[in-house]
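Take this structure first; my questions come after.
The chains carry the letters A, B and C, assigned in the order they are written, with residues numbered from 1 in each.
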Amino acid sequence: MDRAFLRRCLANRRISVSLAILALVSVAAILGPWLSPYSHDGLGPLRFAPPGAAHWGGTDLLGRDVLTRALMGARISLMVGLSGALVSLAIGVTYGAVSGYAGGKTDALMMRLVDVLYSIPRLVFVIVLISVLDLRVRAALVGLGHPEWAPQAKFILLFIGLGAVQWLSMARIVRGQVLSLKERQFVLAARALGQSHAAILFRHILPNLVGIVIVYLTLTIPVVILEESLLSFLGLGVQPPMASWGTLIAQGAQTINPIKSYWWLLVVPASAMAMTLMSLNFLGDGLRDVLDPRARR
Amino acid sequence: MRPSCRRPEHAEPRKNARPVVAALLALGLAGCGAGRERADLVFINGVEPESLDPAIISGQPEGRLVMALFEGLTSRDAGGAIGPGMAERWDISPDGLEYTFHIREAARWSNGDAVTAHDFANSWERTLNPATTSPYSELLFYVDGAEDYAKGALGDFSRVGVRAIDDRTLRVRLRAPTPFFLELCAFQTHYPVHLPSIARHGIDWIKPGKLVSNGAYRLVEWRINDRIRLEANPHYWRAASVRLKTVEALPISQATTAFNFYSTGVADLTLDKGVVPPMLLDELRKRPDCHTAPILAAYFYRFNVTRKPFDDARVRRAFAMALDKGFIVARITRNGEPPAGSLTPPGIRGYDPPAGVPHDPGAARALLAEAGYPGGSGFPPVGLLFNSTEQDEEIAVAVQDMFRRELGVRIELRRQEWKVYLNSLNRIDFDMARSTWVADYPDPNSFLDCFVTGRGNNRTGWSNARYDELVDRANRTLDPAARFALMRQAEEILVAGDVPIVPAFHYVGVKLYDPDRIGGIVMNPIDEYPIREMFRIGGGR
Amino acid sequence: MRLAGAPLLLLAVASLTFLLMRAAPGGPFDREKQIPEQILRELEKKYKLDGPVHEQMGRYLWDVARGDLRLSTQYRNRTVNELIGQTLPVSMALGATAFAIAIVAGSVLGICAAAAHNRPPDYALMVLALVGVSLPSFILGPLLMLVFSFWLGWFPVGGWGELRQLWLPALALSLPYVAYITRLVRVSMLEVLGEDYVRTARAKGVSEARVLFVHAFRNAALPLVSYSGPLAAFILTGSLVVETIFNIPGMGPFFVNSVLNRDVFLTGGVTLVYSALLIAFNLTVDVAYVWLDRRIRLD
């Protein structure tokens, strides 16, 4: 990426604003739980206290600080989102690059497989997979001598599982780019100089894809965050006392009733999540516009 | 916006989709809506019933409907007390071993056939037959020879202690005097089923139009996950006393949804505690439509006594003493639940349950130190197994906090999905696990029998010969007072001696209904509410 | 060729689900009260879950190939075919309505935004669209219920059987995609609006509405058609949650429960139906795309 590109990015108001919001959310997620006088799983004496001076986001049934919990939830959701997107990036870029570079029958076959995978309900498999593999991954972690990681089994499954079903778009896009790039002069030149395929792919082609890959990475993160929270909403998410946004929102959704709404239980995590998703979507959009001026209007 | 925005008729994809959507809508919404009259009573019944076959079901939502559809030799009144049912009277031999039931003249199936003593004998045979795969058949094992027959040791059912003397006389011989046998006769496992229609329809026999039942109601409609509609059975022997002519059960298991249905008037009544949003308990308990009563059910923790560190009774005791039950009921469950010392809840007449282990964090720390873990140091990593029903999660979080604070032990929370959790319990693959036990019949034996050596529901690996002997001797004792004294001694070992389990609290049931509009509901510890006893006040809908 | 591959793909889906479910800890017959050994064996025999796993799977696939999805292990007196037969139309009706709302409302709003390009309505719509995209159905559902059921009392809180009960869940399911489609349509409209043939049409005195909805939108329809494949998949996933929130007797809640209850054949059956639906839908979309593409080029 060159300087001009970065400058154009920062000049774009959408990009700069959403970057600022994301930075804010990330810093809050990282520092917030430390700075907060409450711990995310510490029980407090106040039950269902509405937002106020002591608890900015109110408290829940056990007197836990809702804001602190939402910030801890942010850590988990962002981490799942980022790692899931990275997993999808790794698979998608490799698959797409190989497919596009190989071309011909291999390419046709590989893209056919992507089409097939597109047309099966992938999240349905993730649900089955998470439910099935939880105990096995746990046992494996203990077997590997890391019993302290065992509680995180579901967490690991979540981002691997979600990443593993999100790579299809990435693969398609990368493949298209590689397909056109490999006919370009500098690639042909490199090939004429007798460089190996791997070298051509990694040294000449992939660096040209950084921009577009970042755009789709940005757009994949919100998708993974959303799917994780959907799974958590269905009760398949991380283990308590950890809680992701999805878990918190699921609890908050229970407050929607006609007699007594503890609205902050829904509003605090939901707005944190909506704000993050919105910034990520804005960011991805803005980056795509800068990168692909044809779509910019 | 421009005026043009109002004319979207040229949107291509929609044009093609329109007839499809219309057809789907018609299909999806078919058979309902217009013409449906609201039932006299609409109640929320928890999950979608797994079946309505009395031999197959095991859950409460199923039991409730089956109790409306079928009737045993005895039946329960509004307050849960046992009275006559299909049998108008019975004689009990002095040794308490032989029961002779006299079936009433007017006992009829919903198709008009007479209900006979043979129907009972044949239905019990069906339930005991392993091929029927009844999960609850063990409740028939009190009948002499029944267990041998069910386990294949006895091939000839005529040697099992149940015999139809004639159409209206059923003689039952028990293997031991069973003071709660009449209670069992009102339970689903002992209901008769209409065998000719089972032979004719196979697995479809429980469906509307096919199900022949002998209770106060018959089944008229069953839309999966949507509603079940019952209508008063005109052939029922006391049909005149059944006041609600149509009843609908809505299968809703999510508490918030259930409450929203109730509070917007879609439903009149909720019977499950599970469908009352725990978050609203503080508010609800102030309202006149909220009715609570203790029920015979316990929330308790199992220890795995087969592996470290809970193989040491001192460690178990220390944990039991550190458990602040008062906090759980005051801060989390908040429904007036009594903290539990014993497994058997109070409220069984004549039985005085032991006090159990007191809450004493100081003594708990001392005991833990004595066991080799002063201040929790060196304590191996242990997990607390639970599943996510109702408030398990909050309770688990609170309990984790208690043990950390009082004992310096950090336990790991292990939430598992229902089936996985059950599987872990069965294989005794846990350190500490939360559990619930609901009485099948109002007698301490329903609780204490679980922990006899080798019982399928023991699930702790615990075995105590003295305990086994006491429970066995109690069940051979005819005198109620002497029997309960033996039971109490046994329970003392369970909750104060060896402590393979720690009771946390006893449940309190919650029903929501407007007492000015619905009558015939009497809060009772058996947690059984026969619909045939309910009625609308003022006759209005 | 794609049509021929579909049955194979479905068999692969069935095998995968079956193996996953059988490998899972906890079985369909684990119950609150432990079941005696003898009964357990009878159950396994009855549900054809006895013998080595590969034989179990072979028999299962054979049954599936013949259209028999077997008995549910949870709902003891019902076949999976019957369960799906009763719940699928409900899910389809909800899904189709949500789909139609997303396409129609998204197109109209997208066209409006494009027509008002770079003026306040456009900005407002774009901000709304981004908010919409960021509000998943499990947040929208409870919010819609709060506003339209409890505050305004316009719609019931859930349930199924009347037309009134359809709108809130359909909205919760479709709004995020309305937002996405608005953006999609706006961009492709803007691309076309500057083209010659549109200018010619305007010059000829064709009304602005006709220019927008007929001439320009036709071109914008292509990306919309290709998006409808993923859209169907998203709506399907979303229905798992929305049906639970609004207590709708569709396949969604059944599916999640069947996985948790280890109801092998119900999970298998529902997964198969979901896959078959998506495969069929995607095939249709492909055909529609080619057809539409040709028509547009001919014009």
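Just so we're on the same page, contacts are C-beta pairs under 8 Å (C-beta built on N, C-alpha and C of every residue); 3 or more make two chains touch, one makes a residue touch a chain.
Keep in mind it's a predicted model, so treat the numbers as computed, not measured.
**Student:** When you draw the chains as points and link the ones that touch, which shape shows up: line, ring, star, complete, or other?
**Tutor:** Its topology is that of a complete graph.
**Student:** State the pair with the higher C-beta contact count; candidates are A-C and B-C.
**Tutor:** Higher contact count goes to B-C.
**Student:** Compute the distance, rounded to whole Å, between the mean C-alpha positions of chain A and chain B.
**Tutor:** That gives a centre separation of 43 Å.
**Student:** Using mean CA coordinates as chain centres, what's the gap between chain A and chain C in Å?
**Tutor:** 22
**Student:** Averaging over Cα atoms per chain, report the distance between chain B and chain C in Å.
**Tutor:** So the centroids are 36 Å from each other.
**Student:** Can you list the chain C residues in contact with two or more other chains?
**Tutor:** 24-25, 145, 244-245, 260
**Student:** Multi-chain contacts only, two chains or more: what residues does chain A have there?
**Tutor:** 131, 134-135, 253, 256-258, in rising order.
**Student:** Scan chain B for residues touching two or more other chains and write them down.
**Tutor:** Residues 260, 264, 416-417, 420 of chain B touch two or more partner chains.
**Student:** Residue numbers of chain B touching chain C in their complex, please.
**Tutor:** Residue list for chain B touching chain C: 1-5, 7-8, 10-14, 16-18, 20-21, 24-25, 27-30, 32-33, 36, 48, 50-53, 56, 58, 130-131, 133-138, 150-152, 203-207, 223-226, 250, 252, 254, 257, 260-261, 264, 266, 416-424, 426, 456-457, 459.
**Student:** Going by the contact rule at the top, pick out the chain A residues touching chain B in the complex.
**Tutor:** That would be residues 41-43, 47-48, 61-63, 131, 134-135, 147, 150-151, 235, 239-241, 253-260, 262 of chain A.
**Student:** Chain A touches which residues of chain B in the complex?
**Tutor:** On the chain B side, the touching residues are 255-256, 259-260, 263-264, 277-280, 282-284, 331-332, 381, 388, 393-394, 396-398, 400-401, 412-417, 420.
**Student:** In their shared complex, at which residues does chain C touch chain B?
**Tutor:** On the chain C side, the touching residues are 24-28, 30-36, 38-39, 42-43, 46, 71, 74-78, 83, 86-87, 89-94, 96-97, 99-100, 103-104, 107-108, 111-112, 115-116, 121, 145, 149, 156-163, 166, 208-209, 212-214, 217-218, 221, 224-225, 228, 244-247, 249-250, 253-254, 260-262, 288, 292.
**Student:** Looking at the complex, which residues from chain C come into contact with chain A?
**Tutor:** Where chain C meets chain A, its residues are 2, 5, 9, 13, 16-17, 20-21, 23-25, 117, 130-131, 133-136, 138-139, 141-143, 145-146, 150, 187, 190-191, 229-230, 233, 236-237, 240-241, 244-245, 255-256, 259-260, 267, 271, 274-275, 278-279, 281-282.
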